[in-house]
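Chain nomenclature is as follows: A, B, C, D, E and F, assigned in order of appearance, with residue numbering initiated at 1 for each chain independently.
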């Protein structure tokens, strides 16, 4: 019931309301639209603001404490990606390409979701560890890299198998599906590491760290005070794009719809518990959980279309943007907050840590 | 002003395939091309609403007939299956045939 | 003389000065231009800000008081549209299509004009009733709907008349001018009701009402404090576009030029008086008058090109944007303010109401 | 790589006529097209300055000759009189003729 | 629907040459044209990153064959040397030949 | 050593750090990019802010004092442009077209550089004379006009010489290089005087002067408080564009690279000294020096491509943007600041003036 109240008060924030408004605008086929230049600029702005803030925080608090959570996030992200793959391939009967693409979409992180999380915490009057921005940056490519690597392995194996069973003149046919996968890996790696999200985020963290609170003061109005207003504008567009995708949810199927709700919940709550066990604050644990719960819907297509072109993009975009994103920011954030509040009031988080560790292995 | 016959190859495809096309052109030693973002509708549905990644792009290449065949063949073979894409060829004439 | 002083001090505000600057930039053929994405975004932003502000106000003051002014605005808007039509068709000798298009352009409301009005009142240190944003939203489609309906009726009648007097093989010729007008009405209705201006305005009013003052605080800097600065930027573009149209004023003709000045003055002053009679504040009466005085130059073309494609768009855009808009924001606003100040100091507004009522019937 | 002859219909018109064009194509069961915003000059004056509503758009449709005639005829009849518009047809060749 | 043969002249050039092209067209009494910004690659390197001044533009002109020759000749003579530019001519057909 | 410290602390400001970040993003071939509409809008915004600020200042302080510095700036700018030409043509062996184009690129001013200078002074807690915005506006076209005039003269002379030595049938060949240069001058003049930078700058100065401090208050948040934040965003794009040009520096050659560093240093320091001699403040002298040191990389190509199309644009853009701009904002600003601080503390600035005057003649 506490959770329901929290969901309700979350629903009445401008961020969520403008998102829902965008969905409605799309459903009634309004021509409302945030111009492309603005909606391309806003994520860059949001990431710069997040990075600057994170960097300044890290300068204040040091970054020794960051290493364990960073490592835990990477390990969890890899484990979860593998777990997603198994579920999608075995239970969901998706083909190998869609399975890897979806697995890494949900293993990856969503920068927009992270921004909304920060503004949610602000509304609750709670802070979070600044270094989580760095975790966000590092986590960005992790799931992709693994998925790409595994897909390449799988595809090479396939080719070898096929080569053995078929005559040579069929080779070109196989090529059609899996052409030059070998050489592609390094390219895609480069692409995902130099992707704009990572670059602006890491750059801003470094700059925030370098300039500190005093250097920040002259740009605080733009990169701090305007933050929530900017999210609100971006959420209109997110709502519109999500609303346009709602029709496609039918094509996504029941299994993936369930996956898009259950998986983030599972990943997110594990994240909150692990983070609590590692000593993160109430808000930090929520953000850590959100990192693991979130799915990527802007960076993912850019990387996956090149890395796994055989996968159907409308599956991973629709489920991540049309289902998981709204669920995460409206329902799961309050749930994780409640969980985090409970475990932060409880004692014996070391025991909790043991409990989770057992659970994961 | 004498005009010389040459081919114009136009590829309309999803924007994330642009890099593939350009790389493929480079492989065939074609470095001249023109690109611009467009919207569209086709077998893979309406494109151009929402994120920039979901736009289309047109790539136009003035190219000699000798090279045209190979390029078209490779695009068809490697990209048609996985990307929203339409390709067509037209006859045009130019002044400076040595440029292409 | 008081009016002249007010006009002069209005002229020296950044909003008006940057508008005039834009006109000059266009006249000297400068390549100055606000990029399209920005000038498409600004009206959305302005309407969101207006709506949020209105919604929050309505939450504070309730919306019982809104019903009478809303109803009065609709009735006046319809009466004025009919009046415009008669004047344009009979006195101006415009064809039926241009007459209806112009009538509804001037019957409709201008959101940009409304924004400028709010900033004018701010400069005068006067407030206005928040629910006027809702009146703006409701008024948006009213004049269009009537004009479209009447045009359709007129065209159908025409077709029937022609069908009777001509042979059947001429039908296709008639079609060229008036094709499938019957089925179009509902389409155009949908379009004008889901137009971005109405949608963002209504949405923001609801959101403002839902979140209230406290929910607004985190986005106040973007959606309140930056408001006048944003108008200023938009006014540069408005000035440029108006300046580019100045050459077309010759084509508009003397009659329409006079109409574009006299009609808003008449409508606006009636509006101020009626609003005062209904008990609106000094500033509220000005805004009410401005709603009726303003002509639509962004929404109108989008709706009218589909609804009445036979009408010449350069007539209604040029007169609304090139003549009425500058006149309204530079000259008529101070006039209406003075009128409103006079009638608000005078007593016996009930008598006034009777006086106006007589005048209208 | 065998190429097949087909027609490319290009319509350059004011942006507010785009919906009319797309609806008309749909009526003729044509769902594949490409659109992009352009500026221009013509009988109805310079277009593309000022408001977005005053831009032009190009609509390109690869279409079989059978359908072309009817589409061109209906566009000419219903839209030429009221909208800034230019239309032209060119010969192009494509790989996958079954797409159109 | 009878269609009439006419020429389509397309010039792809750096955006700062657009004014020169339009002025030249005007000199030849051609006032109808369509323009849009594009990116590209050619002898003068990649264009379209960075400042707007470094974009390309396409200028398309439907023009009768009689005028075409002179226009192409003058563009070649006065602009080819100093500006990034490509020009080609194609055959198209139109409905209202009197418009051009 | 003081200079080195100042350079170091300058390096750690967000403005410079985001610029360097942009360069790095471009070098690692990230797809990061500020959308075109934003990066086209920001210079307009920055110039409006600079102009408004300058105009308000001039209203406070009068503009009698402005005439001498204005005149000095014009004279110096012309002398420097001629000086550049001689150096480039004689020592650098550039052809006549490239020499004039480069000479005027470096004789002209850079509005972006000016913005960064203002934010640099703000960081140092130092103010500058408001009328320098007017000097910026006036200086914008000066170097262009002279370069265009001289190029036209030179080209006409060439044509005449060639006409005399060759047969008439060769005339068309000459035309290819130098066609209708005669008639072009007035066109280019109009273009450079109605260029967006000058127009918005002059307009904003006038408006700032007209509205004064009190009229400015409603738009202060947008046009003053957000200024540094906006520069930061613009500097990301400047860094990216400069970074993309770094490869071209090889083509620019050693001579021009040296020119692009030495010339601004020379011009800038002369500027600081002359300004000090004329009685400008510490900060004002730095800004005056910066005007003379800066090279134009946005306005220049727009004017020079039409005025001197034979010149190779990649020479003047690359050297101005890729070399001089970073050098000016990172190294030369601190140098000029130190020089200005020294001469402002020293006495006998009249003697200094005599010393400089000797030096220049």
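Here is the rule we use: a residue touches a chain if its C-beta (ideal position, glycine included) is under 8 Å from a C-beta of that chain, and two chains touch if they have at least 3 such contacts.
As the structure is a computational prediction, the values presented were derived from the model and not from experiment.
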| item | value |
| --- | --- |
| Shared chain contacts [chain B and chain C, defined touch] | A, D |
| For chain E, the least number of touch steps when starting out from chain C | 2 |
| Label of the chain whose CA centroid is most distant from the centroid of chain B | C |
| Rounded Å distance, chain B centre to chain D centre (Cα mean) | 20 |
| Rounded Å distance, chain A centre to chain B centre (Cα mean) | 34 |
| Averaged-CA centre spacing for the pair chain D and chain A, given as whole angstrom | 41 |
| Centre distance in Å when chain A and chain F are each reduced to the mean of their C-alpha atoms | 44 |
| Shared-contact residues (touching 2 or more other chains) in chain A | 35-38, 40, 221, 302 |
| Touching two or more other chains - residue numbers and ranges from chain E | 36, 90-91 |
| Chain-level touch network, classified as line, ring, star, complete or other | other |
| Inter-chain touch pairs (all) | A-B, A-C, A-F, B-D, B-E, C-D, C-F, D-E, E-F |
| Chain B-touching residues of chain D, taken from the complex the two chains share | 1, 3, 6, 8, 31-36, 62, 90-96, 99 |
| Chain A residues within the chain B interface of the complex | 36, 39-40, 172, 175-177, 179, 240-241, 244-245, 298, 301-302, 305-306, 309-310, 314 |
| Residues of chain C that touch chain F when the two form their complex | 12-14, 17-18, 21, 24-25, 28-38, 119, 122-123, 221, 225-226, 228-230, 232-233 |
| Footprint of chain C on chain F - complex, ascending | 35-38, 40-41, 44-45, 190, 194-196, 199-200, 203-204, 206-207, 210-211, 215-216, 218-219, 221-223 |
| Footprint of chain B on chain E - complex, ascending | 10, 12, 36-43, 48, 56, 58, 69, 72-73, 76, 80, 86-91 |
